[in-house]
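Shared between the two complexes below is chain A, which pairs with chain B and chain C, respectively.
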Partner chain A sequence: MIRAAGWILWKDITLEFRGRELLVPAGVFGLLIAMLYGFAFDPAKNGLHGTFPGLLWLGIFFASFLAVGRAFSVEAEASQQLLLAPIDRGSLFLAKLALNILLTLVLAAVMTPAFAILLQTGLPPETGTFLLIEALGLVGFSAAGTAMGALAAQTRLRELLLPALLLPFTSPLLLGVVSATKALYGGEVAAAGNWIMLIAIFDVIFIVVPVLLFEFLTEV
Partner chain B sequence: MRYLRWVSVPLWIAALYLALIWVPDERSLGVSYRIFYIHLGMAWTALLALTANFVVSLLVLFMKRRRETLDNYAQATAEVGLLMTTATLASGMLWAKVAWGAFWTWDPRLTTTAILWFLYAGYLLLREAIDQPQRRMVYSAVYGLIVFIDVPIVYLSVRWWTSIHPVVFTNTGINITPQMLIAVIFFFFATLFLALDLIWLRAKQQDLRERLERMREQRLGELGY
Partner chain C sequence: MLEGRQLRLFLGSRAILRGVDVAVGPGECLGLFGPNGAGKSTLLSILSLQREPTSGALRMFGAPAHVDDLALRRRLGYLGHEPGVFLGLTGMENLVFYGRLYRLSGVARRAEAALSRVGLGPFRHEIVRNYSAGMRQRLALARATLHQPDILLLDEPHQSLDPAGRDLLDAEIRSQCQRGGAVIFASHEVARGYRLATRLMVMRRGKVEWQAEPASAPEDEFRRALDGALGGGVR
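Take a look at the complex of A and B:
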């Protein structure tokens, strides 16, 4: 299962290296968001420390959307040929999940410094904990995004449906990452710890449940 | 099942009488608090309908037989659940304007209910966007399961989030007297029976539509089209 997932992931990474169809548009969009926030909120006049966690995470979530939504659409456009392969269906889900985690991590790695510089807030103290929050948050977003992306890819609307499915669903995750980041800025590491627990619970549940249910999706 | 109406109509009349006339005005909120009865009944019914949707979704995935009928109930419970959630939000906002002075506060229950509304609006959007019946059945069941698991996490996160902020509005001045409790119970059952009736009607209507479709195709086939 893991081996097959590895090969599918390798295929997708190769595709991405050759075509750069996901990261480049999503990355440019991510940087644009930082620029536009800068225009809209005028960080030089109004200090943005209070709102920075919310702005950053909304930006990352929105940009990740572009990447996450495509993972299954490419297979749908290739007429689901991958389903003919004699492999466990769960490995397809795991491969797409791994791809989405990689993509969102790269996006966040580009966007976070850009946001910190352009919105003039700097990174939060306890950078190590902040990186943990980012990693766990993006794993959760990717897990939910992969599951919802698998559903949305088979509909008439494809990725257009994804915001309506994914954003309400990830609202506890958004609350978690924003509150944890805010707690770091406020120096409340213990409060951040609680939120990190919540994010971790979200991650585990929404990796396990879709893997178990994915078989059903590929049957019809 | 067609006799549900014979229960729900008298229940509604009784509940309306109890809540609007029989129960006295509340001390601080006056007449406005009477919306509380319909609000609570709708809220409980909404949660029950959405729980029913979860159970039906499970059955759709794991039962071998009569899945099409179950799928019709999945659609019906989600629609009625969303309708009741909408009514809960609407009645709650009206009441909040009078009691708290604002249509909306970020109270955990309000926030969770709003997110719940979006989650099941998404469910119906997903159903709407899939044409093939088999796929619609399975996909919406999977979504229904995943979303229902999300609800407790939403509630937990929202409660933590708001507990960090100061609570601006608190729900004061509501002490349930035995008289009020009777009105609450009547309204709950009135709403519940209305919901059951609507769910049954909607599922039956879907069923009839499918049968009509099949008959039409069969007849067209016979005629050689």
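Take a look at the complex of A and C:
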């Protein structure tokens, strides 16, 4: 399963590297959000440390949403052929999950400094812990997005269905990452640790369950 | 090699297949004909293990066949209506990718040989987006036969191909049968299909209306049977 997932990931990365259909639109969108926040909140007058975690994570989630939501529609016709190959469908999920994690990590790597500069907050203290929160948060978002994306891709209303499924499912994750980041800004590292545990549990659930159910998700 | 008995498929309350019996053995080439909506593509989708029938029994190589049987999938080759090749990869990359999913040894060598066989050797490192529709269909044929399947299932395979491409496809089908494999193809190419098939099957409204071997059924009899099915119009 892992080897087949690796080949599918290689194919997806090659397609994205050549077509830039996912990362560029999502990255531009993310940077535009940062700029609009900068105009709207006037960070020079209003200290934004209290609201920065919420603004940052909403921005990252919305931009990631664009990338993750389209991951199943790039070369969709050719991808249908993959269902005929002698591979476990769990490998398709793992490959898309790995792709989505890579995409969201790249987006976060671009957007986080952009938000910190444009909103004049700087990065949170305990940068290592903050990067752990970002990594775990994006793994969870990607896992949920991949599972819901697979389900939505089988329907005619995929553009409507995906946000309707993904946003409610990821709200506990959003609460976790925002609260953990806020705790870091407040110097409460222990409180952040509790939230990190919640995020990690979310990640495990949204990775394990779809791997087991992916056959069903692609047939619904 | 393959035997389906009383295959039925319902989508909701609508009957798409109404009890089709189908069988092919080594070296056989079964041609499916009939109007649009007769159930040819649906039958091929069941035989290629893309979907389970609502009822009926499907056996391959002496054992029951199900969609989750990966070992069985390895022995099937399928070419559908659409080429289904990755436009952002080169022809070579497409085949190498599939070869690796099928765990073939010497993938690059096989891919080169397959591309040369379908006349795409000089274009193997070009991005498929730049290929014409016919070239994409040739690439899809190379992909479907790369792993030398025992049973080759082709859904209107002559579509988009130029005369040379059609001849090439016919040669590929004959070669598959000569080496002991089986082919089932759906086609609207009446004369070509008649020449290719070792057995002819005319379908209409999800049922087999007529079948015969070309040796015992002259072409005009086949055409009359097909005209009768076409006269019924689409479902």
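A few remarks follow.
One rule holds in what follows: the second predicted complex is superposed on the first by the 211 of 220 C-alpha atoms of A that agree within 3 Å, B and C clash if a C-alpha of one lies under 4 Å from a C-alpha of the other, contacts with A are read in each partner's own complex, and residues count from 1 in each chain.
In this section, a residue touches a chain if its C-beta (ideal position, glycine included) is under 8 Å from a C-beta of that chain, and two chains touch if they have at least 3 such contacts.
Worth saying up front: this structure is predicted, and the values here are computed from it rather than measured.
Look at A:18: by the touch rule set out above, it reaches chain C but stays clear of chain B. By the touch criterion defined above, A:84 lies against chain C but remains apart from chain B after alignment on the C-alpha atoms of chain A. Of the two partner chains, chain C is the only one touched by A:75; chain B is not. Within the superposed three-chain model, A:1 lies out of touch with both chain B and chain C [touch as defined at top]. In the superposed model, A:105 lies in contact with neither chain B nor chain C. For chain A, the partner that touches more of its residues is B, with chain B and chain C as the two candidates.
Shared-chain residue A:179: touches chain B; no touch with chain C. Legend: residue contacts after superposition of the two complexes on their common chain; A:189 is shown touching neither chain B nor chain C. Chain A has no residue lying at the interface with chain B in one structure and with chain C in the other.
By the touch rule above, chain A contacts chain B in their complex via residues 147-148, 151-152, 154-157, 161, 164-165, 167-169, 171-172, 175-176, 179, 191, 194-195, 198, 201-202, 205-206, 209-210, 213, 216-217, 219-220. The touching residues of chain C, when paired with chain A in their complex, are 48-50, 68, 70-71, 73-74, 76, 78, 80, 82, 84-89, 93, 97-98, 100-102, 127, 143.
For chain B in complex with chain A, the residues that touch the partner chain are 61, 115, 118-119, 121-122, 125-126, 129-132, 134-135, 137-139, 141-143, 145-147, 149-150, 153-154, 156-158, 160-161, 164.
Residues of chain A touching chain C in their complex: 4, 7-8, 10-11, 14-15, 18-19, 75, 77-78, 80-88, 215.
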